[in-house]
Structures are given as C-alpha cells and as structure tokens.
C-alpha cells in the first residue's frame, strides 16, 4: 500500500510542497550548494525531511521522508511512515529531531552558507577560548531574533546576539551530541554554528526559522565585511532617545 | 463590511499590487532580508503600507494597510481605513508619513542593504564630527538624483551628493524625530542613512523613489569597494569640455 | 497616423522586442541600475533606441525610438521615424550613432557596471600617463574579442586586450567627440571605458556586442579582484605547446 | 534525411534538452559568460555537445551536436551523427571525450568561473613547484566529492581534496594532451584546473558532475576569501568524537 497520501496535497503550504520550494529558494542564495544543507518541517507529530544527496533546487514532494515523532522517539531508532522509492535518509535527521524534541521547533534549516563558514574560520583564528561564540551587537537586523526558548518578544537593537560554535565531526550524525550540549549551555539560542561546515537554525514555525536564518546570514556576511574593513563586531554605542521622550 | 475595495484592483500599478511586486524585487536585491525594510506608496490622501514582520517576497495585496492622510494627520494618531486580518502596523509607518507630509513624497522605501550599513560604519570609524554625512562626487550615477525638494532637474556629474546620517534608536518609531530633523537641516536630500540600520529614500512617485534607491545602493556599494581599494570618495576632477564647445 | 508598425512584431528577435529583453537581463547583471546605461540596435538604415530615464527591467517595445540612418545623418540633427508618446531621447544617442556610422556596428551597449567604474578608478590612481588604457593579457576570456574593425578572427590567449579610457564630461552628449577620438586612435577596439562612468561596447551584431560586453565585464571584475590579491594585469607567460606538436 | 531524431524528445532529462537547461543555469552562476565554457553528456555510445560560440543561456536542442563513441574513436577523427545547421564544433570536444573514454564519465562540465581562475592565479603567485596542485582540507563541502575512479564512497571531512592544475595553451584542443597527463598522474581526480582559464569537472552521470562542479566552485570561492582573510587552505584539525563513541 502506498504512503503517498502523506506527501500529496494541493496546498502550497503543505510541508511536502513547502520543503521543495524553500530548498529551491535556498539554492539561489548559495545555502545548499551541491546537495549540501537541507530543511525539515514538523507538523504536530509528523516530521518531513528531504533525503540525502538530492539537488536541492530540483527536489519534489515525492522525494520527502515522513517520520512519526512521539515521546518515545529515539533519535537513532526512527519510525518512517513514508520513504521515497530511492534515496537515503539525510544524515541531518537526528540534528533536525533534536531541534524538534528539545526546543519544540516547527522548522529547522541547515545551510552551508560560506558566510557562516568564514565566521567560524575568523573565530578559530582568534585562538582557543575565543573561538566558541559568535557575538555581535548594535545592528538593527539583530531585532529579527526571538529572545529565546519560551520567552516572548525579540532581541533589541542594543542586545548582543550570541551564537555558539561547535566543532565539526567526521560523521554528521555525531554532531547531534554536541548540538544538544550547545542547546543546554545556550538555552535561548535559535542557532548553532558548526566550524568549517555551516549553521543550524530553527524556529517555532517555518516563518520564524526562515526569517531568522536569513537575518543570521545577513549578519554573518556583514561580520565578514566588517572584519575586512577593520570594524569590530562588538561596540559600545550610547542609547539615542528623542527629545520628546527624555 | 469589508474594506477590501481599497486593495482590490486588476491594475498591476495599483499601490496594493505594486507594493508586493516591488518588495519581491527588493528581496532579490538583499534590501529586505528577514522581514526587514519596507515600502509605502501615497496616492492623493491614501497611504498604502505593508504590515510588520511579513516575508517581503511573499507579500500579497491582502496584507496591505490603508491609511487616510489629511492636514490633521497626527503621526501618532493614525486613521486606518483598512487593516489586514492579521498583522501589526509597521514600525516604519511614522517615518513613511514624515516623507509624505513634510516632502509631499509619493513613495518611500526603507532598506536594510548591507552596503548602506557598511557606509555608516565606515563613517563612524572616522570619528565624531566626520560621521554625520556621506559625501561622494564625480561619479556618473550621481545624476540619478533630483536637485532637491521643489527644485527642477537633477544633480550633475561634478556635484557632490550628500546624504545625512542619523543615529539608530532602540525603537524604530523614535527615529521619526531625528529623520524630520535631518530633513530640516538638509532640505534637498531625498534620503537619510540610519547608522547600523539602513536607509530611507523617497521621491515624488514610485519611479523616482525606486530609481533613486537603486542609484544610492549602487553608490554605497561603490563607496565600500573604493574604500577597500584606497580610493577617496571625494575628488577634485577638472571639467572636461570638447574642443567644439571651448 | 501611427508609426507603431516600426516597433510592432511577434518576432522576439525584432529589435523593438530584443532591446527590452536585453535590458531586463542587463538589469539583473547590475549594468543598468537606476535607469543608467542602455542599448541600441541598428538594422540596415533603421536605428532602435530606448528613451532616457526608463526603468530598464520594465521597458516595453512601445518605449522605443526609431531613427533613420543615412550617409547624410548628422549626429546632432537626427530624423526620428517614431517617437514614444512620452519620454525624452537618450543622451547616449550620438554615442550609439558613432558606433554605427564610424564602425558599421549593428549593436551598441552602454553599462554603468561598477566593475568598469572601479577599473577606471584604479587606473586613475596610477597617475597621469598610465591612466588612459586598460591592458590585460594571458586570460582565456580574452579570446571572446574580435581582432578588430574589418579584421577576421579573434584575439588569442597570449594577446593583450587594450581598452582606451576617456574622461567623463558633465553632459553625456559631449562624450561623443572623445569617443570618436578614441576610435580613431584605437581603430581595432570594440569598447571604450568612460572614467567614473562606465563602458561603451559595440559589435557587428547583437550576439557579438552582447557576448563581448559580458566577456569585458568578466575581465573587469577579475581585474579588480586581481588587484585586491596583488596579482598584476599583465604577465609574461611562456607559450605551452604539447609534445605532439613540438 | 534529417538527423533531428537524435535531439528530439519530450523528456526534459533527454541530453539534448538537459544541456540547454543546465547551460542556462550555469550562465546565471557566471560559469559560461560570453559563450565561454560548456557541457557535454554521454549516453552509452552517444555524445551530446553544444557548438562553439553560442550564448549559453539561449541554447536550444537544435544547437546540439551528436557524436558516436566507439573503442575506435580517435579524439581527432570524430564521427558526427548530427550537426546543427549552423555552428562550429566546440574546441572543448576532445577534452570532453577524454573524460568519457579515459574515465567512463557520463557528463563533463567546463566553466570559466572567475573563482577557479583566481585560485590558479594565487597558486601561480606561490612560485614554481607550488603552483601545480590546489589542496584544501577540513571543510565539510569536501564530502561532496567521490573518492576516485572506480572507488566506492566519498571523501571525508578530514581528507585533503587535491585538484591538479595544468598550464593553458593558445589553442584549446592542445589542452587535451595535458589533461590526459593530469588524469594519469592523479588517477582519482574528478577535475582539472586550467591556469588563467577555468576548470573541467566530470562525473559518472549528470547529477554527480553537476553537484561536484557546484561544490568545487563553492570551495574555490571560499579559498579566495580565506586568502583575503589570511586563513590557510590546509590545516591540522584534531578529530572530534562524541563521548558516546569514545
């Protein structure tokens, strides 16, 4: 019996349609070059994931895996409700599941954006002790981020955005333990950088994950350009208040 | 009773159709990344504005707010003729209204272009007293700007384009007072840079606002690249006149 | 009586259709930002030109001017067979006509590409006497250029591509005299750089003008990047010959 | 009698349809600017190649050459089963055939990507003895490459990707001997850089050639940016293993 009903819908916002259209967009942004990177959406207890090794701008709904998520879900023993005829499950799967189970995320995006990679290389060049955290403040785009897990509202202009950096592992699945560790140490972060690899970004829903991922890529690009121009990422800017509110 | 007639038209140049198509274009230019930035159009006494927090490349006419503009319009007490079913008014609203009421503009565009942000950072690095004005001259693209409010014609190749820079505030609405101050001090400018944030550009109509915004972004990019190559923004170039006109 | 038959055709390769589709493509390449730049096609004695000040990605066939070209054509006294209802003739018109009358070109493209502008700025920084000629050799893409006016074949890999640079004038029409002078001094060039402004590129037909313009922009970008990396534009590379041909 | 049946199919994945759609995509990536670069697909004993000098984003199935490949195929004496009405065979033809005959490749892509050219220039600047091999390691995207000819699996994160560099020749066909030499010396490579020219990338099929070409361009861009930021291409990174697997 076919399980195609899980991935068949005329609604463009159905996860099985949305993942391909998002991935095509991400390809034009240089985020998922050469089958790298990916995207997963959770809808209640169902998780939709693209397979490993597909050309992201050519993906179709029929390429999508569907998993059942339950309290008993073990990141290693997964229950696939639907598997595409050909293809292997993505090595990113346990990392996406970590965002869903530990943070209740509704969407998780993984990019190989070279801005993200360059930021991790620039941090690495600062030497041990200074290479585990990307920090930037006093940039308007920082307002694009939520304050943190189960908190209301967004960061402010003067707040410092902090994104932890974990070391890359030979096997992508092995990143899971370190990703979860970073989540524990930085409970409010919505993203984790992976050295020499890319970034994982999640959010309560597709809208939030995607716009935070865009904002973060904007900030990574800006950070690299600031470095090239000799401008520091952290600054001490006095608060400006209009006369009428002083 | 529905107020959808304000935003329903088959004319692609109707403001409620034009704002979404412009914003989609701006998204591809990197101007409105991650819901940042925006665009507003005034048609006589009606003002059309996109809501806060929408993905700009996905915007629809049904997302648009419509305001009534009158001589009594208070920037804080606005009369909404039409509000989208969900969404919050944009924090840019009073800034757009300032361009409409103080300059009679027909369109105002706000971008988070990282070229604009980098220019404000480069000026900041020059220290107090030199950080409040972006100046460039002797570049052909400068001709893309009008001479100023209620003046005929455009700047010339040898003219210096001057764009004031205001400091960013924690709350975007608080920028309004400083934007108006910059308009008063630079009565001929069609744009104001906001430090570490982006730029506001306006014009008599959509065509003028959009082409000036493009020209300005071109000049900001050029300015950053000139700085990287050690070429100054201001130069003293002798006027070249053909023999036949000497 | 309407003169719309000059610009009405279902053939996508008709000049009145081709100019808009080319200009839309050039807009995405950043060549005609903010109404800058343009494109003109000659078909026997008819010349098709876009008006001044239009948004290049939105241009339509109905925007096109049609001129009659004859041996008696004076660059200043032009005979318009068809004028768009609104719009002014492009200031580039006499420059396009110069390429048609002095070189028998079939197409002329004018871009404001910032790579072109940066190349003229880098040459300017080298000081008087070294600022009037862009030269590059030993790059495969150089093969994209014809050997010169009424000559057969293309440049070779080891040949030096030379593009003259003229100074910009306050009024674009005043460039004509200098453009013609540069054509006289460099009879084989298919392009002239304009300092702090852009480049004019022409060819026997649309195909040649467009592909040479692309190749030139590629080389300008490469030249700027080479400068940033400390790599000289001219080099002395020994000729490599396979054993079988020694 | 027409030989158009070789290039007529409604299947978008037929080589005669796929080459034009791939080339249009490559044009937007800046890989085949100004008619440079190209792409060839082998299907059993049939080889499909685009002609020389076409605008790659405008190519049609009717532009395609079809060759017969047999054990007796001499790279110089080729049997054309179908030739387009106008056009010359691509000078890349013997280079594509080398990938098909010596490596059993199913697709070969040639780009003029300026990232590839810049990498060869940066290597050249390191002086003789250090200029013949591009090497990079400890970047996730390296996993996008197969281990080598007739080997199973892909490179790992810590493996060093090595791409040989050959010198450019005045005539593109003369590159063939050097390309084959590089294949002999580096039996596991899927790509060869050509100094001041570009890169040839091949794979068992279109999917593999295209995704490896994308990954390589990503790495070339990253390598240039790393050089600008003073970060070395080769590094000694300790292997990270999760606690659960120690």
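Labels for the chains are A, B, C and D, by order of writing; each one numbers its residues from 1.
Assume contacts are C-beta pairs under 8 Å (C-beta built on N, C-alpha and C of every residue); 3 or more make two chains touch, one makes a residue touch a chain.
Labels paired with UniProt names: A, B, C, D = Methylthioribulose-1-phosphate dehydratase.
Note that this is a predicted model, so its numbers are computed, not measured.
J.: So which chain is farthest from subunit D, going by the mean of the CA atoms in each chain?
T.: It is B whose centre lies farthest from that of subunit D.
J.: Based only on mean CA positions, could you tell me how far subunit A sits from subunit C in angstrom?
T.: 44
J.: Give, as an integer number of Å, the spacing between the C-alpha centres of subunit D and subunit A.
T.: Averaging C-alpha atoms per chain gives centres 31 Å apart.
J.: Which subunit C residues reach two or more other chains?
T.: 228
J.: For this structure, give each pair of chains that are touching.
T.: Going through each pair of chains, those in contact are A-B, A-D, B-C, C-D.
J.: Could you pull out which subunit B residues touch subunit C in their complex?
T.: By the definition above, subunit B touches subunit C via 138-141, 144, 156-158, 207, 210-212, 214-215, 217-218, 221-222, 225-226, 228-231, 237, 239-245.
J.: Would you pull the subunit C residues touching subunit B in the complex into a rising list?
T.: Against subunit B, subunit C makes touches at 30, 33-36, 55, 112, 114, 117-118, 121-122, 125, 167-170, 174, 176-178, 194, 196-198, 224, 227-228.
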